[in-house]
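Below you'll find a set of structures to go through.
Next come two complexes built around subunit A: one with subunit B, the other with subunit C.
Take a look at the complex of A and B:
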């Protein structure tokens, strides 16, 4: 039965738009799949390879701006930004990696955080390229209806899921986990840690970059504060995977469902104002204390709490 | 030709000479013991040989090629594997996956790596525990897991850093048997050990370090009767 879960999930996702949901609900589904994709990419670098990134906004933003600049400066279709962002973000991720991958643990995390901010400030000030804080707006989005966007992001999410599944069960996956558990031991066992950390970072960045390029096409407007946002991109990405389950295949999906819904719910209560960020903070603390492996990783624990399932000796 | 040549190797930490001017050779298919009091520089010497530290002076030659200053993973590829004194298993992985991760180094594909892992686990008598998470293993088995992981990289030379410390008598016998079998399978072994009975019985030759310097080298019998070694380390009988 368990073997069919991915197929059942895929079937449900494929027929969802045919059920006649409102455009608002479709919008939520699209965001959900986009965040799941970003979550999966973060999970590869930080969950499996253990290099906790606080700067995935850098890759998201570069991807979005690749599509945006292609449109505003070259007059090309921003959709070309999807394939192009793979390349552009790959190059940037490699360069960022040369610097940040020399650092370990909290220092790596801080360096990635800084790199995200560097790109935000750069994008704000390089008016000639990025239009600065005015941002880039598409005159006209390709489609008015949500369905085409939904199927495109679904294809990206499924492709990412399959890629992750393949990578994690391959030699690379084992090397990533070995590096996460003990970098020195991995090194002495013949694993070129610098090389494999770079691969994890570049692949992770590329996927987030594609999601960013998709965002440009879908939303039709970007500015540095949106796509290079520390809280609304980098931190949310971390929370999605933490809540869903670090280093699990389904964690990013579960986390994206919860986080996107929660965000929408909290936002709809106007009187909360900035307090909604505090709610996220409390949620994160709760998860770290009670479910350190996330909902997917600690599912057994949750079942036991509600008196379900067998107690394992 | 000797498998490993350590030529006048020194390692300084600031003004402290942790290893100074040490030279010796490891012959193919022997077990070389390294003994010495705490702080004599045994583990530092291992760290220099295996590439964690660059030697401040001197050269290290494996199989005719200099490996001084190379990275640990390159040295491992060249045919040298090591274990750690303080065991460092990949804690959240099963015993099998621990060994599998290092088996990939030489394997052509996953099936090949799995074969290597099964073979090594049977060799080190850990096959029954393959599903256990490595952080749940008792110390004796964790020490053996270290050896298994190192063996999975198919080394010519195996460096063992106190693989016997803290073992109970039954585990001790098992480990001694495994190391004898490793030698039989054609792998050269270099071993740091404090357990005198063990090191005297399994080593073909022994090198003695004190204060970072080599004070003696010879067969276990020669070492046992060497006056300098008795004064520095073994003590009067």
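Take a look at the complex of A and C:
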């Protein structure tokens, strides 16, 4: 039964647009899949390889700006940004990796956080390229209806899911986990840790970059504060995986459901007013205290205690 | 298994379906930033929309329907704002969209409205290019950012006659476009712009950049900021004893009462451009301002007045529209010609803008802890104080 879960989910996701949901619900689904993709990519680097990144906004933003600059400067279709961003973000991720992968633990986290901010400030000031804080706006998006966007992001998400599955079950996946558990031990076993950490970072960055390019095409407007946002991109990415389940295949997806769908549902309860953020914050704290391995990671615990009960370390 | 899927789908449907209710009333949901750094501006607008709705309902509503306002918090995030508006158009079938505040959100909303052919009235978002996209369904009540400083420039030309200027602005769409326009106008008037620098919005220490300004000795220091930065800038200018002939602000953070509350005596003599003040002589504006003050203890800023007026503009258009279809409402909006508490409203295509309302902008000065209108002279509520004393001469 269990091995059919991916297929069942895929089938449900494929027929979703045919069920006649409103564009609003479709918008939420599109954001959900986008965030699930970003979550999966973060999960590869930080969940499996143990390099906790606080700077995924850098990759997201570079991807978005690749598409945006293609449109605003080269007059090309911003959709070309999707394939191109793989390359551009790959190069940038490699360069960032050269610098930040020398560091470990909290120093790595802080260095990635800084790299995200560096790119934001650069994008704000390189007016000739990025149009600065005025941002880049698409005169007209390619489609008005949601379905094309939905299927594109679904394809990206499915491809990412399969890629992750393949990587994790391959030799690379074992190297990643070995590095996470003990980098020095992995080193002494003859694993070229720098190489494999770089691979994890570059692959992770590329996928986030594609999601960024998709964001540009879908939303039609970006500025540095939106796509290089520390909180609204980098931290949300981390939260998605933490809530869903670190180093689990389904964690990012479940996390995205919570962070996008549940958040929207809580926000939409009119009577809460501005309190919705506090309520949602409490919910997250609750999840993290009682389910430290995320919803997927602690699913057994949920089953046993139905969400309330003792915490077993 | 099927049971599991069905129940999952029902949960999703429930989550989204539970929020909508239909009635004979005219439901109008307004997206606004009610949390986060822009919440102050959202709050002023929310209160003003509510005052306007109460007045409209007291006089029989719109075509006999009671106006029921709801607000949704976008937290100043474009993708959330977009989601809200998709819901309004597609689920609630709202015939007209009003609201949002930051330019980034307004752009996202404008794009949706245009694609979905639903009229959208931008109420107080400044960025020029919102109404420069050849959008047919996007209307803007406030003047574009490029015109914000007109009143202030008039004052500068007639009274201050500066030769040099330094411009500081926050790193946002609003800040940058405001600063660029000011630089352009200044150069055209022969004022030399010595420095144009942006700072991170929400920063706490402006002393490095202010020291730089001080060393350049400009005649005018012009700043474009939202609320907290505006007060901090003036306080640090005071601490540094940075003297200039004029400290000027570009609306937003300088034009709301919180600026005076937060900056205290450092705000004295500061001149700011604005689109409206409680002292203007538009019909109904004084009544609105007094009502707001009575309810909330402070006079509203132009953000509130625009929101207040926006609801009347919408009412007017909805009453004139033959049917409540987007096409008819758009036609009615286009034909709008009315007096509001925010000035005369008419949506015209001019100077590269489409469906843009132009209203004269004013200059305010903080005099004894109050914003007084000082320019243009015909609208002044107090005589301007100029020249202003240097910091060390103030007690």
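The definition used in the following text is that the second predicted complex is superposed on the first by the 281 of 313 C-alpha atoms of A that agree within 3 Å, B and C clash if a C-alpha of one lies under 4 Å from a C-alpha of the other, contacts with A are read in each partner's own complex, and residues count from 1 in each chain.
The criterion applied here is as follows: a residue touches a chain if its C-beta (ideal position, glycine included) is under 8 Å from a C-beta of that chain, and two chains touch if they have at least 3 such contacts.
These numbers were taken from a predicted model, which means no experiment stands behind them.
> First (subunit B), second (subunit C), both or neither: which does A:134 touch?
Touch partner of A:134: subunit C, not subunit B.
> Return first, second, both or neither, reflecting whether A:82 touches subunit B, subunit C, both chains, or no partner chain.
neither
> In the overlay, answer first, second, both or neither for which of subunit B and subunit C A:233 touches.
neither
> With the two structures laid over each other on chain A, which partner does A:113 touch: subunit B (first), subunit C (second), both, or neither?
neither
> Scan A:211 for contacts with subunit B and subunit C and give back first, second, both or neither.
neither
> Scan A:174 for contacts with subunit B and subunit C and give back first, second, both or neither.
The answer is first: A:174 touches subunit B but not subunit C.
> Is A:188 in contact with subunit B, with subunit C, with both, or with neither (first, second, both, neither)?
The first partner, subunit B, only.
> Who does A:44 touch here: subunit B (first), subunit C (second), both, or neither?
A:44 sits against neither subunit B nor subunit C.
> Any idea whether subunit B or subunit C touches more of subunit A?
C
> Can you list the residues of subunit A that meet both subunit B and subunit C?
Common interface on subunit A, subunit B vs subunit C: nothing in common.
> Using the touch rule from the top, collect the residues of subunit B that touch subunit A in their complex.
Touch list, subunit B to subunit A: 50-52, 71-74, 76-77, 81-82, 84, 88-93, 97, 100-102, 104-105, 107, 110, 113, 149-150, 153.
> Give the list of subunit A residues in touch with subunit C in this complex.
Listed in rising order, the residues of subunit A that touch subunit C are 1, 8, 12, 22-28, 31, 124, 132-135, 137-139, 141, 144, 219-221, 223-226, 232, 261-262, 264-265, 267-270, 273-274, 276-277.
> Per the contact definition, I'd like the list of subunit A residues that touch subunit B in the complex.
169-171, 174-175, 177-178, 181-182, 184-193
> Which part of subunit C faces subunit A closely enough to touch in the complex?
For subunit C paired with subunit A, touching residues are 1, 5, 8-9, 12, 15-16, 19, 34-35, 39, 70-73, 75, 77-80, 82-83, 86-87, 89-91, 104, 107-108, 111, 115-116, 127, 129, 133, 171-173, 175-177, 198.
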